[in-house]
Structure formats: structure tokens, C-alpha cells
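Order of writing sets the labels: A, B, C and D. Residues in every chain begin at 1.
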Amino acid sequence: MAHKRIRIGMVGGGDGAFIGAVHRIATRIDDGFELVAGALSSDSDRALASALRLGIDQERSYSSFSVMAEKEKQRKDGIQAVIIVTPNHMHYPVAKAFLEQGIHVICDKPVTKDLNEALELKALVEKSGAFFALTHNYTGYPLVRHAKHLVDTGVLGKLRVIQVEYAQDWLTDQAENTDNKQAKWRTDPEKSGLAGCLGDIGTHAFNLACFISGQKVQQVSADLTAFVNGRRVDDNVHTMLRFDGGAKGMLWSSQVAPGNENGLKIRLYGEKAGIEWAQESPNELWLSLFGEPTQKITRAGHGAGEEANRLSRIPAGHPEGYLEGFANLYVDIAAAIHSIEAGADVSSVQGFIPSIDDGVDGMKFITAVLASSANNSTWHSLEDSTLLKPMTSN
Amino acid sequence: MAHKRIRIGMVGGGDGAFIGAVHRIATRIDDGFELVAGALSSDSDRALASALRLGIDQERSYSSFSVMAEKEKQRKDGIQAVIIVTPNHMHYPVAKAFLEQGIHVICDKPVTKDLNEALELKALVEKSGAFFALTHNYTGYPLVRHAKHLVDTGVLGKLRVIQVEYAQDWLTDQAENTDNKQAKWRTDPEKSGLAGCLGDIGTHAFNLACFISGQKVQQVSADLTAFVNGRRVDDNVHTMLRFDGGAKGMLWSSQVAPGNENGLKIRLYGEKAGIEWAQESPNELWLSLFGEPTQKITRAGHGAGEEANRLSRIPAGHPEGYLEGFANLYVDIAAAIHSIEAGADVSSVQGFIPSIDDGVDGMKFITAVLASSANNSTWHSLEDSTLLKPMTSN
Amino acid sequence: MAHKRIRIGMVGGGDGAFIGAVHRIATRIDDGFELVAGALSSDSDRALASALRLGIDQERSYSSFSVMAEKEKQRKDGIQAVIIVTPNHMHYPVAKAFLEQGIHVICDKPVTKDLNEALELKALVEKSGAFFALTHNYTGYPLVRHAKHLVDTGVLGKLRVIQVEYAQDWLTDQAENTDNKQAKWRTDPEKSGLAGCLGDIGTHAFNLACFISGQKVQQVSADLTAFVNGRRVDDNVHTMLRFDGGAKGMLWSSQVAPGNENGLKIRLYGEKAGIEWAQESPNELWLSLFGEPTQKITRAGHGAGEEANRLSRIPAGHPEGYLEGFANLYVDIAAAIHSIEAGADVSSVQGFIPSIDDGVDGMKFITAVLASSANNSTWHSLEDSTLLKPMTSN
Amino acid sequence: MAHKRIRIGMVGGGDGAFIGAVHRIATRIDDGFELVAGALSSDSDRALASALRLGIDQERSYSSFSVMAEKEKQRKDGIQAVIIVTPNHMHYPVAKAFLEQGIHVICDKPVTKDLNEALELKALVEKSGAFFALTHNYTGYPLVRHAKHLVDTGVLGKLRVIQVEYAQDWLTDQAENTDNKQAKWRTDPEKSGLAGCLGDIGTHAFNLACFISGQKVQQVSADLTAFVNGRRVDDNVHTMLRFDGGAKGMLWSSQVAPGNENGLKIRLYGEKAGIEWAQESPNELWLSLFGEPTQKITRAGHGAGEEANRLSRIPAGHPEGYLEGFANLYVDIAAAIHSIEAGADVSSVQGFIPSIDDGVDGMKFITAVLASSANNSTWHSLEDSTLLKPMTSN
């Protein structure tokens, strides 16, 4: 069978951006995509310079995402999917533009800047018939898949306790007052939404807990803080969780915890076993069957299951990392798009790929956490969420 | 200077007990005590058999702690201090009996079965003029002392976030329905008090957080669960914390987390640095000055301070453990008692030794957590605590 | 500046091969290369099928590497470099064919099947004027570069002790008698050369020690064993080392050590400091300045130097792995080839890229180790090496 | 059964000594011994001051070990055993004096200053009918016992490879030229014997490898170095090993490896499994059955065997350390002496307690290593060892 790469475009991700480059590498690792168009910056000179550096033809470097959507739609060799890597507040309008052209959308998280937008986007996705993927990339790590498999197949028994955390330290001081571009937009409610740390990394922790456990969070009791003087969004998140399957949990995320780089870590405990996985050592999953010695399961090693092995490229002991985990999402996205092009219904190809529903869940979580924290940590249901005003620093 | 061992007696701690043996080893390690009397069991035959095995003279093996208190008081060579290692509900009456004789008391935690008793005990201690120590033994680890030192001397800057946890797995199934004596009394509200996991190990985590941070917990928002069918006390504790110095925290303790043995772990983050310490690797303290590589400080190694070194017996790399940490409390207790005997006022010798006030704080914590959890996790102040009814399993 | 990918071809690496796929991913990660030709298998049907799957045009899928070398040379858009990923015994003839056409060569290790071939290849490289790179990929890890930097800048002081090891377990039993294709050729002296474990992974350990230390091994005292019954090459290597800068070392490599996946680990100790790095946790480098706490330096984190940062794609705490380390070699190779095309002399572009000299050194090491082991571990100089007969299992 | 402590005396171990204090704590932990006599220093004032501080009666503080041996023999309540914790060169004369009085001897390692003395001591022990124990304390760690058990019961299959190391850093600079008393005598061939690092810690590594494997070292090929300028004994040991059961190994010990405190670590690999244990994390033993995930066996945890549990005092997760491991030797020594007093033959009570034969083996090892190193690393049999002259630094 001859090789057929999927033609993609990108919105956002010009020079100096972090996550755009990550997506591009992730699409290249398994050679399933070809980047042929872009609106890489709202500044058209910068957009073009970035495009040329990336091997995009000049005529397919756009300064406007809406023009890009239209023009690409008209081309015979137009893009099959767009990757959206703008700041959060632009996710919705960009996704809308491409969905309306029937172009598949791959969107960074959090899905939108607030819940209303997310719900509207969901309606747009459904109407469009196009495929939508949300890049909660941590679900792509092979041993995260295996963790899910262990839960799904009952190895842990009924889940009781879920402890998840995501700690960083890069916002320990007032980085937004320096020339740190990332810090600037991520702490600006206009661009990132009302949630700071909560939206940036708390949603990853939330998503991971739901993904592995197969349970939904019903209620949260939360205490948000903006520790850094003058900060306009939260930089530390304390939340207790109640899951719909009976499990209880805690979620901690912080960007003011010195010594933590990307400390995403999850532990799940059931009636029969416990598991533990940390993103900074992603090639190891610890499994403790109650009453037996703890086992160290390694990626592609003994005890790693079929799904984990499907997403492994190299033998155990040769570490795969963040980019390969990210690329695994793209492996599944490529297969989904090929299936659709081969006639499959868009509703049948989602598999483990995070969907618009996961995006909506994330926004419900953010909304409920903001609400609970504003109400002195009262338990707040994810289904009752209502929008709130921005918090102020203490 | 000739060697002078302190004469001690013990109540509780007969054959089959766990913590009594630990105390005895801890008193022997540095040779500061001599066990000469005991009421080791309420069963007088068992008490005597245990006593003889421990080298206690037959005439000083008592079947009644109150008789022991009286008789020992009358002897010229009577005990100078008593160690109380009974189940929790007996702490109060035993302590009372010895305090009324002016005999120093060393009491296991939690200090009493409820807050009222703790407050009464505090009054008794103050009235007695005797010395009272509560064996929150984890504060005796050298690197815990060094952690406190780092906080106290401002290395961390103003504290923001405190994450503490203590997880075990031994109550994952219905151990109380087997012949496991420890499981039986520790899950019996009549003997352990209304708090299960909360009182047994949650108080250790609480105490450690307060000890190192130098801050008091003002409020808690808690969610307790008894996961195991039929269990009469909590076996999982989720709590958010607000400290009086402005720090916020989370405390998790659990006895149903497979793979966890004695997973007591604490992390503290301030404006300038973060530290991390885990009881299962007690000879290492991780210090992250913001903007610098994380340092591994080892017990008796480079960077361990004076106080940690004072409590170290052997060079770095030769691990000291739980028993040595416990013994460090006894090192300080011995010094305190010698000081008192040399004329020092009892109010001047407490130093880092956990006191009746720590015991009261622990009971306030337990009471507030029970109250908050019963009120759907409403924030509850430790100063407003009121007693509650036992919880039932879900 | 517009993007210009280097056109490459590949010899070997068809379906079922391990290392060919690794090279292809490594060339794609940073988008510096385009695979346009191949002789992927000696079986022409398999070669073609593999080529098509990889997006190579049918007309540039060759069944003969020599035909490929000639034809590609004649094309205007012919390959600029060839990647050789065949079994070891084919490295020499393939490299020769392309070098004679003046095509740059990127060759997997060990460079040839014996020292004589390596010396002949060195002559060919020099005569050709083409660029030659040997993919000792572990030198591409950012923190390996930083380790070298610490040594080079005197942070460790004069080196005294170097401990290096590379342990695996996949040949613990008679895997060569199963259908394990990798095991078959790697234990077949006709295909892998006289060295088994020694050539397969021992050379990596050797190369890494020399790379970081900047010292050459002068002498070895070795004890090789083939533990598995019937095995035709060594599966365990014990070697003591004497370096030309005065350091002494030990090298252990094994393929019969259950529990080891790719346990490549190096420790270097000098008069002023020690460092430690392990391939399975490549994002951490441990630095112990004598008399200070050990520091954990992380990739892209605080304390990682310029060279390490140059080769990092993503922030600290998001692990990069084996493929990214491998890709770093290709980053440097791409820059070298671009420089040559821009007129630089081939002798000026090698930088940290392993060269034919490293290949020759590796073969001298293999030869000397075989000689020493055959002579009851007598110290053997790498400059006196002579070829030896295959060993037999014990 | 009433408690009966064994009466012991000590030679050496006065103020400022390290290992004497360790032995005393080890004897106290399980309350099996009572220190009643001592010749703690050759300076009689210091001896007396130390003795009083330790609670020894003035009349049983001796300034001469030979007087002590005689006097204690004459007492009805004389010591039953003596602990020898002098510098190495005094082990032989002290042991001789007590053995000649029929008093049991507990002697620190290495057993004597050279092999001849060791062989003479062996003759003396046999003639005396007294019990002799050599405190290779690392064999007392519970999980070392379990490691031995796994080997003995065939879990590893036939052993192939044994890698053992013991690295420290405290002699990285010229500590012997400071007021470091330990450094002075341990680098003085008159007091420590011809072996420096080799005798001080290399023998521990050697002993541990033999203890766990149940194999004897037949031959060594060694390369000793004194890296520090002016040092009179080796400070780094590189040795290859051949065992009598067919295993091959490497032993590295060093006292000039910055960042290493007491890095004693052993790995054993057999046809069916591998194990790994490190002294600095003594409560964990890693077991890798070939083809299965690695298991973490914890002291007193699931999978720790009977022998390990017999020597555990407290539950899994509460770390026991160096002192408890040391005390385990004394647990067995106490039982042995009680058995002898109850009529058992001295030849029947040794069990796992290191014996004079282990001491002789250690001296043969030292002698063979010195010989091999002096002969350019020629393999040297432990049975052919002959004495050598001191080495000089390079």
C-alpha cells in the first residue's frame, strides 16, 4: 500500500510559540501528515516568514484564518484538517471557520475560553459532520493507555480513591511582568479565560483522571488562589472530587511550586489494586495488587498490554517521551481521518481520541471549580455550572 | 560524668502489641532509660509474663495502672516517667493517674479519645507540674528538623502551599473481621475514638505539617469516607487546609490505598524555595531554590544543619530509620527530665518535644474534620469544633 | 530563509528491522531530511513494498545498493547522503559504494565487522572528500553533552575513575534459536563480527566513556563470556580500563542480566566532583561537587548548559527520549552537510558528530578486548590490536 | 521465661571512635546484652572517662586488654563475650588474649592485619572452643538474607554474573593530613594493614557477594590505585572476579568518588532471574524474573520471606536501617551464646553469623588482590596468596 500523508494546515504556532512546534513534531514522527498551509501569526510578515521556514508555499501562507478556511476549501489539494494552536480565546472562532467549511479540526486545550463557547462549538461540530479532536496529549502515553486498560478490565476492582496533581514552578514570581510571552497570555483573562493554572494544567489533570478511571466528576469542592501579587488568575488549585462511579479524589495543580517542572502524577486505588504513573517518568507504571509486591511495568516491557504496545515505537528501556506521547494522538487521528475518507461515519472513529465532549467536560470542570471556590468551597455539580467573574489575587 | 538512666514504667505494650515494643527500643538505643515497672496488660497473667520477659521485677509488674501509679510514687527508686501505649480511649485515665502522682507522662498519640478529654488533660498537666510529652515521633527524624530549620530561617520565604499525605493499605479489606488485633481496636470507635484513619495516621500528617511550617491550621474542609463495607470509622480522609500564616494545603490520608505501606510525605512551597521529604526515604531531603537545580540533602551529609546533625548517630549513607527517629524524641525527653531534676522549670524544657498543646491541636483537628465532613465539607474552624456522632460506612 | 531538506537514501531498514525505523523517525523529528531513495532489502519485492509504504517513488527503490549509488549519483535530484542500517558485515561494502560516488555516509555502529575493514574505510573516507558520520546516538542526549561540558570546563577536576555499563536481558535464553531475527544476526559472527554483546552494546558504552571524558582508552584487561549454551559470541563483557589521561575505569556490558532493558549508565569521578547519568532517565544528570549536596540537573532546566539547551526542543519536565537524542545527531549532521554545500571544508564540520575515527577506535577496542580475553585478561593496548578467532561458549 | 542479658566487655571504642558506638547501640536494640567491662582506650584516663559515661563500674574499666581478659575470667559475673573494635592491627593480639581465657569473641572486620595472622587466629579459635563472630554487618540486613534465600532456593537459577560495588567519597582529598582520626589510621599501613579502601570497604563488598551467592571467589584480576597524592594505601579498587560456581563478577570499591556516601550495592543475575539491592535503600529488594515485570520486595512486606521477617521489628514502610541490620547480627550472636551456655557445641551454632573462616577468606581476598595488582592484574588464585609489600601512590 502506497503511503498517503494527510494534508494539514495550522493556525497559530508561528515563531516563538511553544505548542505549535510540538504539534508539528508530533505530526512528523510517524510521517502521517504533511503541513501545507498556515495562518501562523496575525502579523502577516511574521506569518509568512514562519511559513517559509517551515516549507509552506508562499501562496498558502495566510494572514487571516477565515481566508485560509475558504481558500483551502476551494483547492483540490486543500488541507484535510486544521490544527489550532492559538491562545485559548481564539479557539472558538477559528474552529468555527473551518468546521463551517467541513474541514476537520484538531484543537489544543482548553477547548474554548468558557463553557458557553464550548457548548456552541459542540453544536457546530455536530452540525458540520467534520471530525474534531482535542489534544489532551497525556492520554497518548502508552502506559496511560495501559493504566486505563487495567481499570477497564477490573484489575483494580471498584475504584475508591483517585489522587491527581500537576505542579509547575515557572510562575513562582511575576513572570508576566517580564518579556515572557507565554506568561503574559496565560495569566491574561482576556486570552486564557477566567481560569489560570486551572485552565492551563488543571484541565489536563482532570482529563487524565477521567480518562483512566472511566468515571466522570460529579462534584467539586475547590479553593483557588492567586498567590503572586497582582496576578489576575489563579496560580494554585486545590480541589476535592466526587466521581459518578463512587470514587473520591483530590486534584492539586500549581504553578508556584518551586522544584516542579511538569509534575503531572496520578494514583488510582481500587478494592483490589492500586496504580501510579508520573509524566516525568512516563515509561514506568507501578501496579500494586493488594497483598503482592509492587510491580514495575515498563513501556514495551513485560506486562505492558496490547494497546500500550501498539503505541510504542522502540523497545523497552529506550525512553519515549512527551513528543512520542503527543504523536500517538496523531497516529489515532490519522487513522480516524483515513477511515472517514474511506467512507466511515464520523461518529464511529473517535476511539480514545479526546473529543468535543471532553472539551465540554473540561469547561464544566473549570466553571464548577470557579463557582465552588467563589462560594467558599461549597460542593458544586458539574452539571449546574454557571459563569463567573474573574478572581483577584490575595 | 557518670551515666544515669531515667527509670521508666510502661502502661500497655504487652505481648502482641506493636507500639509498646517500638517505645522500648527507642528508649534503649541511646541508653538513657531503664524500664523497671509496668502494667503491660489488663490481664494480670499476661502482664506478668510480658514483664518478666522484659526483665522487670515481678513485684513491679502491676495488673492495675492506678495501683502502679501509687506504689511507684511511694518507692524511693520509683519510676520517674511513665510511657502510655494503650489503645486511645485509655490514654486519659492512665495519664491522669500518673499526673496526679506527679510522675512525668510520655503518651502515644492521638492524645485522647476526644477533644473534651484532651482539654481536661491539659488542665491536669498544668496543675500537676509534671512533664508531658506526646510521641509524634515523625518530628524526631533529623531531616524533618532540618526542614523546619529551613522554613524557620526563611530559606523558603513566605509559605504558600503545603501538601501532606499519609497513605497505607493494610485496611483495604475487612481486616477487622479477621484476628488482626490492631485492625480490631483501631476501627472500633469505643477504643480509638470517632476518627479512624483520621486519628490513627491523619493526625501524624497534620502534626508534621504544623511542626515544619510553624503555622497552625485555622480551617478545614473535609470529606471522610469509610470505603470498606461495615467499617465503623473513616478509612480515607480528604481535607483542604487553610493555615494561619496564609499558606493553603491539602491533606490526604488513607488506609485503603494498595501499594502504600507508610507513605507519609510532605511538600512545602514558599516564595523562594520548595522542599520535599518522605518518611520511607527519611535520609533524604530535597531542596529546590527557585531557579536552581534541586539539591539532595542527606542526613549527616553536606547541607544538613546543626539540629539534624545533633540527632544523627552514624555517618551519611548509613541509613537511620523509624526507630532512630523515635529515639530522637527520647533523647530530648531524657534531657528535659534531667533538666527538671536539676531544678529547671517544667515550662522551660519542652523544646521541640510535642506537648499537650500539640495533643489538643490534634484533637481540634480531628473534631473539625469530623464536623466539616458531616456538614458536606463546609469550612470549619479548629477553634469552633464541637463533638460529633460516629459516621457510618457507605 | 526558505526551508531546504536534505535528500537522503537508506540501505537496509526494510520491514521488520528495528534500527532503520529509528533513523527515519530521527530524520523527521526536526524536518531536516527527506527520504527519497532506498535499497531497503536484498529481496527486491520486499524492498519495493517497504519503499512504497515509506513514500519512496518506485523508480528510486533499488534492489542493489551499488546500482543505487550509481543511479542516484547521476540524478540531478539525487540523494545527498545515504544512511546505512544493514547488519554489521555489510557496512563496509555499502559505505565504499557510496563514498566512491562522493555521496555522504551516515553509518550505524559498529562501523565495520573488524578493524581491518575499519582502517580501509577510513582511507576511503579520506580519499572521497565526503562526510562520514557514525551514529553513536547516545552522544546526542542533551545531558550527555552537558556532562562532557562539565568535564571539559574542569568542573570535575582531573578525572580519576570512570564506571560505565550497558546491561540488557533479552539474550538471557537461546533467543537465536527462536524466530527472533535480531537475535539471529546479532549472535552470528558472520554478520555481526566476532564480538557479540561487546560489539552490539559494549561499543556504545566505550564510546560514551571516551566522549564524555575526552580521554582515550589506552589498555584493557578483559574477561568475555558466552553464558548461554551454544552461543557463538560473547554475551557478557567484563573489562577494566586505563585511560590516557590517567583515569581508570570499568566497563560491564551484558545481554544476560534479567531486569535490565537498556541499562546504559555512566559515572565519572574527578578530584573535585562526580557526575552520574543513566540512559533510562536521560533527562536527569546528577552532579556532586565534593563537599556539597548532590544536584539534580534536568534537561532544559536550571543548570543545564548552552549546548544541552541547543539540543532541547521542549521545556524541562516534559521528557525527551531516545528518538530525540538520536535526532540530535541528525540536527548536527544536517548542519554539517549544509555547511559543506555552502562551501565549507569537510574537515571543518565534524563537531561532536561521531566520525570514522570514532569507528576505528571502537574496532580497536573490540579487537583489544577480544585479544585480552583470549590471553587470560592480560592488559592489551588498543594500538597493538590484532585480529582473533571467534570464541566458543562455556 | 525470665530475661537474661549476656554480659559483654569491649576493647577499643572510647570517645571519638565511630564503630564502637555502633556496636553498643546494636547490642542494646534488642536488649540481649549488658556492657559491664571495657578497655576502651590505651590511655587509661580516657578509658575510665569513657567507661563511666557508659555506665561501666570503675573497677571494670581496664587500661590493658590482657589484664581485662584475666580479671574478667576470674570473676563469677565476668563477661561472657568481648567485642573488639580497635584499629585492625590490634584485632589479633586482643582476640588471642580473650580466646586464651575461653571468652567468646566478637570482632570487627577485617579480621586481622594480614593473612598470616588470620590463619593463626583461626587455629586459636579452634583450639579455644570459644565462639567467634566477625561483624560483617551488612549480612544482617533482612533483605540481604532474603536475597540469599532467593539464590539458595533456586529462584535465580544458576548464577552467571555478580556485580558488586562499595563507593564512598570521604577520602577524595588528603583527609589524613587533617585532624580526621578515622582518615589517619585507615590510611596508615601500620594500623590498617597493606590494604586501604580494599580492606576497609572492599572486604565488605567481597563478603556480601559471597554471602548472597553462596559461591567462593576463586580468582581475582585487580587494579589498585592510590589516587590522592602521598596516600600510602589504595583508595580505589578495580577487580574482576571468578567464582567457584561458575559466576563471573566485578567489584569496585572507592573512597574517592564524590557524591557517594556508603554506596554498597549488589546485583546478581542467574539463568532465571536477577536481583538488586543497595545498602542506602535497604528496605527494598528488586526481583526480576526473566520475562516478568520487576518486583519491589519490601522489608516485612509482601514477598519478603521468613528469614527476613524473623529479623524485622516493625512493619513495612517504617524503615529499618544500618543499626538494626547490625543488631540482627547480635540477635543471632545472642542466640548462639545462649545455646552454647545451654550445652550446644560451638560448632553447631554459627548459622549465618560470619565466622573466622569468613575472616580468613577476606584476608585471602585482600592478599590475592594486592598480588594481582602488583603483577599487572594477572589472575591470582585466593588459595595461592602470598604476602606483599605496601603500594605507593601514583
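Everything below uses one rule, namely that a residue touches a chain if its C-beta (ideal position, glycine included) is under 8 Å from a C-beta of that chain, and two chains touch if they have at least 3 such contacts.
This structure is a prediction, so every number in the text was calculated from the model and none was measured.
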Between A-B and B-C, which chain pair shares more contacting C-beta pairs?
A-B
So chain A and chain C: same face meeting same face, with over half the numbers shared, or different?
same
Maximum centroid distance from chain B, chain identifier (CA atoms):
C
Euclidean distance of C-alpha centroids - chain B vs chain C, Å:
56
Please work out the Cα centroid separation of chain A and chain C, and write it as a whole number of Å.
36
Calculate how many whole Å lie between the centre of chain A and the centre of chain B, each centre taken as the average of the chain's C-alpha atoms.
43
Note the residues in chain D that touch 2 or more other chains, in rising order.
260, 287, 294, 298, 301
Chain B contacts chain A in the complex at 160-161, 163, 165, 169, 172-173, 221, 223, 225, 227, 236, 238, 240, 242, 248-250, 252, 254, 256-260, 267, 269-276, 286-290, 294, 376-379
Hey, which residues of chain C end up touching chain B in the complex?
287, 291-298, 301-303
Using the touch rule from the top, collect the residues of chain D that touch chain B in their complex.
1-3, 5, 18, 21-22, 24-25, 28-31, 52-55, 168, 170, 260-263, 279-283, 298, 301, 313-324
